[in-house]
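Both of the next two complexes hold chain A, though its partner changes from chain B to chain C.
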Partner chain A sequence: MSQENRTGRPRGRPPEGGASRLSRTEAGLRGPFLCFFTFAVLWLVVASLLALIAAVKLHRPDFLGACALTTYGRVAAAAQDTFVYGWGFNALFAVNFWLMAQLGRFEFRNGWLATLGGLAWNLALTYGVVQVFRGELGGFALLDLPREVGPVLILAFLFAGLWSVVTYARRPSGHNFASQWYVIGATFAFPIVFLLGQLMVQWFPSVGTVPALAHAWFVQNLMLLWFGASTLASAYYFIPKILGRPLRHYYLAPVGFWTFFLFAGWTAPAALLGGPIPIWLQSVGVVASVMSIVPVIIVGINFYSTLSVDGGWSRAWNSTTLRFVTVGVVCFSLFGGLSTVFSARDFSAVLAFTSFAQGQQQLLTYGALTMTLFGASYFVLPRLTGSLWPSAKLVHLHFWAASLGLLVAVVASLAGGWQVGHLLADPAVSTAQAGDATAVWTLAGSIAAMLFLVAHVAFALNAFGMILASTSPTSEGRPD
Partner chain B sequence: MKNLNLILAGVFFTVAAAWSGLVITAQVQLGSLGRAPSEEGGPLFPSREPGLAIQGRTVYLDLGCVACHTQQVRPAGQGSDIARGYGVRSSVARDYVLQSQVLIGQRRLGPDLANYGARAKSEVELAAFLRTPASGVNHPPYAFLDAERSTALVAYLKSLRQDYSSPEAKLKQ
Partner chain C sequence: MNDRNRHPDRNRPSQGNPGPGPDGLSDGRLVEVHSQLARDKEEPREGFSLTPIVIVFIFCGFGFWGGLYLTRNSGNFASTAFDVNAPKAAASAGPIEFEPDAAKGEKLFVAQCAACHQPTGLGVPGAFPPLAGSPWVAGNEERLIKAVLAGLAGEIEVKGVKYNANMPNIGAGLKDAQVAHIATYVRQAWGNTAGPVMDSQVAVVRKAIGARGQYVPADLLKEHPLETK
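Take a look at the complex of A and B:
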């Protein structure tokens, strides 16, 4: 492994960098990054545990069924909220921070403001999740935290997230790269989207099904403009960085960026095909979903053509960071392809309301985003802590358990959704009969959830071991 | 692509365009919908929910029932909803105008409930089912529900009806 030493551990800081000294850029980042990262990993373990409970309840409905606290609806909502707002956001705050500071050679001087935002974010989320378990949950996924949590999250985001824009605006070098565009776009778009979603769904819901459409618009933007764009930002950074060569066909990257942002928001009605919204809106959603293949193809050309020369795939496999990131890139392409193909009305008629959509979302939120964030962690943490990853075995366990879990989860959701959809196309088949016929896929979902939990505990043990062993290399030391 | 203001303006435009094109236009088209009679001079539909059903909606929400049940009947040709008896016609936006929180749902682990009141069992049977579901039915037992919340939830489920004619979705004679 090019990034590993003879013991098989990801190596972290190159020897010539000085094992215990940080650059000025890194010194300013260390505190906020480790704060966000610690919260992220804690939430990831909590989310995995909740997801496992929810998965088991799908085939054993009476499991933990003695009280209202642990109904499937509450546990599933809490699992999704902790995964998205706990793991996803905290990890992205950290990694986007790091990307922007590194690319712009920017030295943070008021990192405590970001840390303060992070603390507010996590306190509000903790309160929200507790309230979900108490039964204060809304009817729309990912906007189901109590509405009073929303304004705090938006304010916290401004403190924690908007540093990325400041970093770009005040960067001393004129360096300009695709990763920076995606981070800026994601960071600027999300608070607007979140604010509008909160207002239209939770605070001032309109009449009839307009809030359902506003909710679909919010979720699509959250998934694509925040998670998707941030995933691409990391991939655009780590692939050329670790391969040590420029991206091929880089001139296409601006087209990919603008088409990605242009079409993403319009895809929302495709999630409501056949629903009680105007048909013309549904058609707009289908057209936008088809057009969304354009940026997927462009980023695919950038990444795969770069990986396909001079043994790039082999080097990607042998680098811990790039192995995770490459899995993320492949999952992003699969997600884009599936979203385009299965937005067609004929498919929607069969697959709507099944686990198929969940499988697609897993490809993005776990396959693309989470795997890329894992890869980024293996690159960044050794540099900020000055330590090696404590256990190579845990690194391998993390990769294989996460990858296998991802494969099983996605196949179970897609195949299970496909089979249920086709069974239910026959009106003579009841939902209970369809559920019995596809019980194997539900069981596979529980196995996948178990694998995820194993992977995440292994990752957490290794990461916290590394952070605790850190020698606090807070030197104002070497220049960048 | 070096100009920050250009990137911010472009991103803002793309977000604002999608928001205006989808949500604001939907608000313009659907925001003024109200109740309507199924025939001239007839009663207005959808009917107002009884007070107990409004309490039951809160129970439905806080148990997280929406995670497994949808409340939207798709038109014939777009799934088998009508053929399997979930409704007598497709759901339209007007059906939801009185609902303070629309619960159309996204996943069906159980049957659709948009028109459940029209095919529901008796209150007693429904309450018993919620406490102890029939064997072979993949539904969690809600034995922890006290009588008050159970009665409210049953009233809510019984109130769910879309079996009237609407200007956008006439019932076939």
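Take a look at the complex of A and C:
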């Protein structure tokens, strides 16, 4: 990475190595990783295109409005599904995989099983998205794919995701590391959450408010236990790895891990404050949201104290990977702080039904997760393909467009939600006036979506140029 | 992963940090170092901060707050409690659901009124008029409320007997609900059969009369003449 320090150009592995320098661990990983990663980047571009259309339609409803296929409901749902299930999951399969194999010194023998799971996952998702465009979508966000898609996704997850568990169980060294805990936790939590969410919302919906509660629980756990935990896994790996020194106050990390998994699963009812669910559930949600600040503080202590010594911040800034990861870590802390503060009932009364919650979620799914995954890609891809990133300009374009887009999107959602929420709560202001106030914020949302699209196309061009330029791996392996 | 360590001359930082190179720990080393760290705390050294102690206190504070919050806002974990205010209202029978209670009224009466009007409600002949069977306390509630809130001063005729009244404004120092309890008791004890008085009625009258001196009984009668039976 010091190569980058000098030239600002992210080279990853020096060129003299080439593909023949793949370690045996990496050689086994290469096929599944590139398969997942290719799907992930394709879905990312599709998702950002759809998100741009949906964002423009918020302030120009007649844009592409003549045809049922491109109505807001379908486009927005498809954009979210492709972003979460297409980009988020495929990229996490790849990166979590890589983390577990590297940390556990595991050599893949039957990587094709994971690839098979990945193919099934993406075929099922494609079918689901096509159905969404045909209008066959449910009413619950992220559980709106047709219900027959769900079982396939779960099976595919078992094939693709549970390799992480195999990797962990079979690791030759008895040690373990924080990244491994978080990946294992996430990998166990997600199938259970997904299964219960589907059963209670899509297959056997109960009466009354139970499906809404089950849905909130599903979304919150998907966000925190799968996306949040995976983000932390990558951050725990890349920060000490690239800085070249162990994490400070590392003995606190187990406390952070257990409190994270203890409290995160209870936070869901806080999203339904004031709704028709028993008051004790709402209060439990509030308390869990506030208590979630404990793991957020602990990982903050781990990361920031490690970054703060020995010029860590400037080295993080000069390493492409760590620059992305650091943005991700800061966004995770911001997300945790916001969740704690804005779980209070007084805030919820004003901010419910505005874009505020969307801004918080974006801070996690994009700010924390996606930025961290970008950083991971800049680290892993050169090592697995044995080639360089084709264009340093595109890397810079990627970083700045993504960061600026993130800033605009999150500020627009949070500030817009704050303003509109207060207008809605004011009896002197009519609903129409409050609606007019959203205009400037939705315009900002479109600008952010445009920036995201630019960033992601730049990233995709660079990544595919790199994958296509890579030589085929040799099987002899490089002793590690 | 170790390829970078093969070029130490190029990558060595100026600080000369021993141990792993500046460009990254190898994965095996990363895991080992941290397993060691997870077992042992970092050695205290100069400039060692007391962060862990502080955060232990902070976390205990959060836990304490969480328990308190849950206890106060859980509606006794009833599946039928949906509103954060409902459990409090049910517990204290406070301002939301007022029920005039003659038993509470009796206690207040004994403390505040019985010195003159006597626990029997018969008063003291020649000095304090009776309440039992008095038309002043039956009928229109406002007459009674006004008398209790503002007091009376002047000649008053009760059941054919004239008294020279000097009743202080006892009700001014009591809450609406307490005045309502007393009035309800007075209207229903000793054979009286008038209806109860609500705290909302007291609140309305208290606001209407404002801060004023004692009523002259004749003026009070002009506002609320005695009902003929």
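We adopt the following convention: the second predicted complex is superposed on the first by the 462 of 480 C-alpha atoms of A that agree within 3 Å, B and C clash if a C-alpha of one lies under 4 Å from a C-alpha of the other, contacts with A are read in each partner's own complex, and residues count from 1 in each chain.
One rule holds for everything that comes next: a contact is a pair of C-beta atoms (placed from the backbone, for glycine too) under 8 Å apart; a residue touches a chain by one contact, two chains touch by 3 or more.
Here the structure is a predicted model, which means the values were calculated and not measured.
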- Message: Using the superposition on chain A, tell me whether chain B and chain C clash or fit.
- Response: fit
- Which of chain B and chain C A:176 touches, first, second, both or neither: both
- Message: According to the stated criteria, A:345 is in contact with first (chain B), second (chain C), both, or neither; which is it?
- Response: both
- For A:286, decide between first (touching chain B), second (touching chain C), both and neither. second
- Item | Which superposed partner A:193 touches (first chain B, second chain C, both, neither) | first
- What angle, rounded to a multiple of 10°, is defined by the Cα centres of chain B, chain A and chain C, with the middle one as vertex? 50
- Touching partner for A:245 - first (chain B), second (chain C), both, neither: second
- Note on the structure: Partner touching more residues of chain A, chain B vs chain C, is chain B
- Message: Between chain B and chain C, whom does A:297 touch in the aligned arrangement: first, second, both, or neither?
- Response: second
- Given the touch rule stated above, what does A:254 touch, chain B (first), chain C (second), both, or neither? both
- Once superposed, minimum distance in angstrom between C-alpha atoms of chain B and those of chain C? 5
- Query: If you lay the two complexes on top of each other, which residues of chain A touch chain B in one and chain C in the other?
  - Reply: 176, 254, 276-278, 284, 345
- Message: Quick check: in the complex, which residue numbers of chain A touch chain B?
- Response: 57-59, 61-62, 65-68, 71-74, 76-77, 135-139, 141, 165, 168-169, 174, 176, 181, 184-185, 188-189, 192-193, 196, 200, 205-214, 217, 221, 225, 254, 257-258, 261-262, 264-266, 268-269, 271, 273-278, 281, 284, 345, 348-350, 352-355, 357-358, 424-427, 430-432, 435-436
- Message: So in the complex, the part of chain A that touches chain C is made up of which residues?
- Response: 1-2, 13-14, 17, 21, 23, 102-103, 105, 173, 175-178, 237, 240-254, 276-280, 282-284, 286-287, 290-291, 293-294, 297-298, 301, 310, 315, 345, 480
- Item | Complex interface listing, chain C residues touching chain A | 1-4, 10-11, 15, 17, 19-25, 27-28, 30-35, 37-42, 51-52, 55, 58-59, 62-63, 65-66, 69-70, 73-84, 86-87
- Note on the structure: So, in the complex, the side of chain B touching chain A is made of residues 1-2, 4, 7-8, 10-12, 14-15, 17-19, 21-23, 25-27, 29-33, 61-68, 70, 72, 74-75, 77-80, 83-85, 90-97, 99-111, 133, 136-145
